[in-house]
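In what follows, structures are represented as structure tokens.
Look for chain A in each of the two complexes below; its partner is chain B in the first and chain C in the second.
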Partner chain A sequence: MDFLLLLIATGLVSGAAYGLIAMGFALIYKSTGVVNFAQGELVMLTAYIAFSLSNTLHLSFLPLVLVTVPISMAVGLVLERVFIRPMLGEPIFAIVMATVGLAVILRGFIIIVWGSQPFNFDAGISSTVVMIGTIPFYPAQLYLIAALALVVLAMWLFLRFSRYGIAMRAVAANETAAMLVGVSVSRIHALAWMLSAGIAAIAGLLFAANFKLAPDIWFQGLRSFPAVILGGMDSVVGAAAGGLIIGVIENLSQGYVGEGMREIAGFIVIILVLMVRPFGLYGSRDIERV
Partner chain B sequence: MRTGHFKESPSQLIALSDSKVVWGWVGGLLCLMLAMPYLVGVYGLTLVVSALIAVIGAVALNMLTGQTGLISLGQAGFLAVGAYANAILLTDYAWPVWLTLPAAGLTSAAISILVGVPSLRLKGLYLAITTLAFSFIINHVILYAEALTHGPNGVFVKGARMFGFDVQKGLPLYYLALALTVATVLAGLNLSRTRIGRAWLAIRDHDIAARVMGIDLVRYKLLAFAISSFFVGIAGALMSLQIRFVNVDVFALILSIEALAIIILGGLGSVAGAVLGAVFLSFLPEGLRLFFALVADPNSTFYTNYVYEIRGIAYGAVIVFALRFKPEGLIGIWRDARKYWSNWPLAY
Partner chain C sequence: MKKTTLTCAALLLSATAYAADPGVSDTEIKIGDVNIMTGPAAFVGKGFSIGTKIAAGEINAAGGINGRKIVVITEDDGYVPARSFQALTKLLEVDKIFALNGTSGTANVLAMMPLITENNLPTIVTQAPAALVYTPVRPSVFTFGASYEDAFYAQLKYIHDNLAAKDAVYGIIRQDDDFGKEVEAGFDRAVKEFGVTAPVRVRFKKGTNNFSAEMAQMKQAGVTVLANGGIFAGAANILSEARKLDMNIQSAGVWSEGIPASAALSAPAGYNFLVGDYVSLVGPANDKFKLLAKKYASDEEIAAISRYTYVSYIGLKTMAEAMRLCGKDLTRACTIEKLKGLKNFDTGGLSAPVSFDNPKQLSGTSVGVYQYDAKERTFKALADFKQY
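This part shows the complex of A and B:
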């Protein structure tokens, strides 16, 4: 029983990381229709930026987040302006391939700037073990789960009540109609990239604090695809739920099946999910089936 | 200026090209390729063989992505299947090469049908993500099915002999690769003119309309997967012959991205474009090396330290620039140049 609980708990922790990354994906997909293959690289880039900031400024956790997130949002805005905005009006496939190109560029750039050696990065979080019930947690793990909960709440409130959030949903529902009623679609696209980069910063910071800061974090972006698909590509809150589910499934399959199942359990799940419900658990049913 | 281009008999319609000039150029290119080993050194020949393998892979991916419109991010997986099938059959089962090459292609095609079936309901990006998932699963299976694949140890490829020649190096490998490349390009060109090729184009342009016209989507999508993967498998087999040691790490995700970069740069949907793109991107690392040797300070270790990163950035930049400034690709530049030449001095 303890083994099962432990697996579920650690699954929820890695699932929270997937969920945060997946929310970044979903936010961009929802408002621009583009799957951002560079999301994992964005997470890695912002984690490295946080690392450099923390090395120069020596901040504790909360101030570090407060400094990193705006800088990351600015980075997101710049990437959108330089790489994505000029492609506006091209077929979606072309824009998606541009994000693939952007991903490869960022990966090389990060190694050239920061080197390929992994770093230990505690992000100002202590490492004394906390017991919850019978299960031991590192504080960084609890921060990760709490961050997911906070970001989900914030995004839900933003999309539900704020002026820009409503505009974003309008753009997602029908871009032309949104434009007709006076929503600046290009500004919404830029905002989606900024918010997504902000979420990526939180994900990158906490992922690096939980594991290591290494130039292979980008792979977490691909590992989060199952979460995005499970949640439905255009559902921001669903992506978070999908992340938790995938995290737990991966851990359970590793615990009870072994053989490195952790690496591929998520991918098997999405192939099954896409065969049964091609629009994910919470996604809108707009996928043509031919 | 040409005023008309008339076809007067059915045989002219069937011919790949009715222009004597085109055939002359193709013949010249073929003679050049046959004489290539005597023109470039041993190192140059290795590069040319890699380029030929890339051409086979690109023409194959072009059938799937360019002509049928099914985006695949799983090329590395199919390459791995072909390479492993070839290596295992050669080394562990001592099959002759002329059998292992088609066997590698067929294994890859069989696996691709396995991938294709669940992908039939998906389009566009969902399909891309599914193929990506499959390529991870394939790598994982190779890593853990140790009894068959030797798992993380990889397989050494040895004993590949054909007509008494060792086809793992030098001239025999080059001519084998050249023959297979010519066969693949011919197959690609001809397939696009058959019933199958036209069905693929129809599916790419509008799948619902294609279905309404009576094209069996299941059949032709699976055919696209199978035929494309057959050639990818052969490219993988050639790769295993050239590098002599296959390991899962060789078939990383970057290979799939490289393959997509090739056909985007060359021009989606065009066989000639795929060939151009493959040749261009295969020699890009070499060009970068020469560029850094010329420009950089000779004592600087920047290039040697970051060779993979620089290569990666170059691929990424090529994708981004090609998409932004010339979505029709290299073949588009060639067509523009040809049009300009034949219409000169008129603008159009």
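This part shows the complex of A and C:
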């Protein structure tokens, strides 16, 4: 029983990381129709920014988050302005390819600036093991789960009740109609990149605090992709749920079946789910009228 | 007239002879180095290049090799085999190197092998001493280093003989690739020879960060001796999970964990893990080397000295010895001949003496065992170099 609980608990931890990264994917896709293949690199870049801020300012966790997130949002805005805005009006495929190029640039940039050596990065979080019942956790693991819950709540409130959130949904539903009623689509696109970078910062900071800071963190972007597909490409909250589901399934399959099942279990689930719901668990059914 | 013609012919023949062995002039010898200077594994290549720089500095300060200075030309391959091939092509065709010391990883040296054999290029492989490098034996390729199998067996033997309880339970976690298979071969040998219980073997894909399920399996199986086949952050994350699960383990690790920066990643977990290596990590030889390094390397480079620095230093010093034995008439054929005959070349205690006078042209297979002190963040030697 303890073994099962341990697998589920640690699966939720890795799932929370997947979920946060997946939310960043979904947010940009929902607002712009673009799959941002540089999302993993954005997570890595913001993690390194947090690392530098932590070393320079010697901040504890909460102040570090409060400083890192706005800076990361500004980075997201700059990336959107420099790499994506000039592509506005181009075919979606061309913009997606631009994000692939951006990913490669960011990977190289990070190694040039911070080097290739991995680092310990506690992000101001204690490393004393905490017991919840019989299950041990590092505090950073609990922070990761809590961060996912808070970000999901904040995004739900933002998309449902704020003016910009409603405008974002309007752009996602029908970009032309949104423009006709006076929504600045380019501003919404920029906002999506900013929010996505802000979420990436939280994900990157906590991922590095749990699993070291190294220039291969970008790979988590690809590993989180099944969560977005499962939750629904255009469902920000669904992506978070998808992350948790994938995290738990990966751990259970590794724990009980082993032999590399962790790597393929998530994809098996995706194939099964997509056979039944091609738009994901929480995605919108795409109706095309002809 | 006849005499002049003969003289011209002799000069032409002599020029042709030099042209057959590029990279050697009256004043210098060009040595190539293909290495990982960019990408996530760049610190391996950078550590290696420091050793090359120190060796070249020391040799040149002592007058070079029979009056010729060593010039090292490094090309980056980013750890990508296709780029290794391109890099060596450039070194051969543009820079006209005489011999090769840095050869990057296993797949990389294998990618370069057709060029090495085609050009009869004297090559010492010190970074990736895998069996595939010396099987089959290529006449111009000399391999320095032990196998992962021996390195893990040596550590597990030390643990079995000195540290583990009689009822110890052994477990292995290793990468799902050729490197992981070598690690498991050492584990298998140890388990079979010691007659111990080994109920759990876990494989993982390269690049895995989260080992929670894998270590839960280890905890479930009651593992007390762990063969940790993770590298860099992976190895540290494995030990971090073990600590969270309050596992009382003795851990054997990959020699890359002997790099100070890599060992520091594992330090917070608090385990005094072991490492088996074919070069010395601590001791008088290393202290002496660091004094030498001060003459030829910057403070920043000295701080980045790692086991890869020692292997490249040994590689270039060995190559230099073979070239020295050739005298003034330095050719690739002579260098290869002298390397083949090399016996008990002293590396100043940085490794067991180098001898390539064996059918595999393989040396440095003796392994020393070291233990990391997680509190002090230092290594100590547990067992001297020994053939396992």
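Here are a few things to note about the model shown:
Quick note on the criterion: the second predicted complex is superposed on the first by the 286 of 290 C-alpha atoms of A that agree within 3 Å, B and C clash if a C-alpha of one lies under 4 Å from a C-alpha of the other, contacts with A are read in each partner's own complex, and residues count from 1 in each chain.
Rule of thumb we're sticking to: a contact is a pair of C-beta atoms (placed from the backbone, for glycine too) under 8 Å apart; a residue touches a chain by one contact, two chains touch by 3 or more.
Quick caveat: nothing in here was measured; it's all calculated off a predicted structure.
In the superposition on chain A, contact is made by A:262 with chain C only, not with chain B.
Shared-chain residue A:94: touches chain B; no touch with chain C.
With both structures placed on the common chain, the touch criterion links A:111 to chain B and to chain C.
Once the two complexes are laid over each other on the shared chain, residue contacts for A:157 go to neither chain B nor chain C. In the superposed model, A:120 makes contact with chain C only, not with chain B. Within the superposed three-chain model, A:274 lies in touch with chain B and out of touch with chain C [touch as defined at top]. After overlaying the two complexes on the shared chain, residue contacts for A:102 are found with chain B alone; chain C is out of touch.
Residue contacts after overlaying the shared chain place A:173 against neither chain B nor chain C.
Counting contacts as defined above, chain A residues 108, 111, 259-260, 263 meet chain B in one complex and chain C in the other. Within the complex, the chain A residues that touch chain C are 3, 6-7, 10-11, 13-14, 108, 111, 115-120, 127, 129, 136-138, 207, 211-212, 214-216, 219-220, 250-252, 254-255, 258-260, 262-263. Interface of chain B with chain A (complex): residues 71, 118, 121-126, 128-130, 132-134, 136-137, 140, 143-144, 207-208, 211, 217, 253-254, 257, 260-261, 264, 306, 308-313, 315-320, 323-324, 327. The residues of chain A lying in touch with chain B in their complex are 35, 83, 86-87, 90, 92-94, 96-98, 100-105, 107-109, 111-112, 222, 225-226, 229, 259-260, 263-264, 267-268, 270-271, 274-275, 278, 287-290. Listing the residues of chain C that touch chain A in their complex gives 38-43, 176, 202-205, 207-210, 212-214, 216-217, 219-220, 232-233, 236-237, 240, 243-246, 261-262, 264-265, 267-268.
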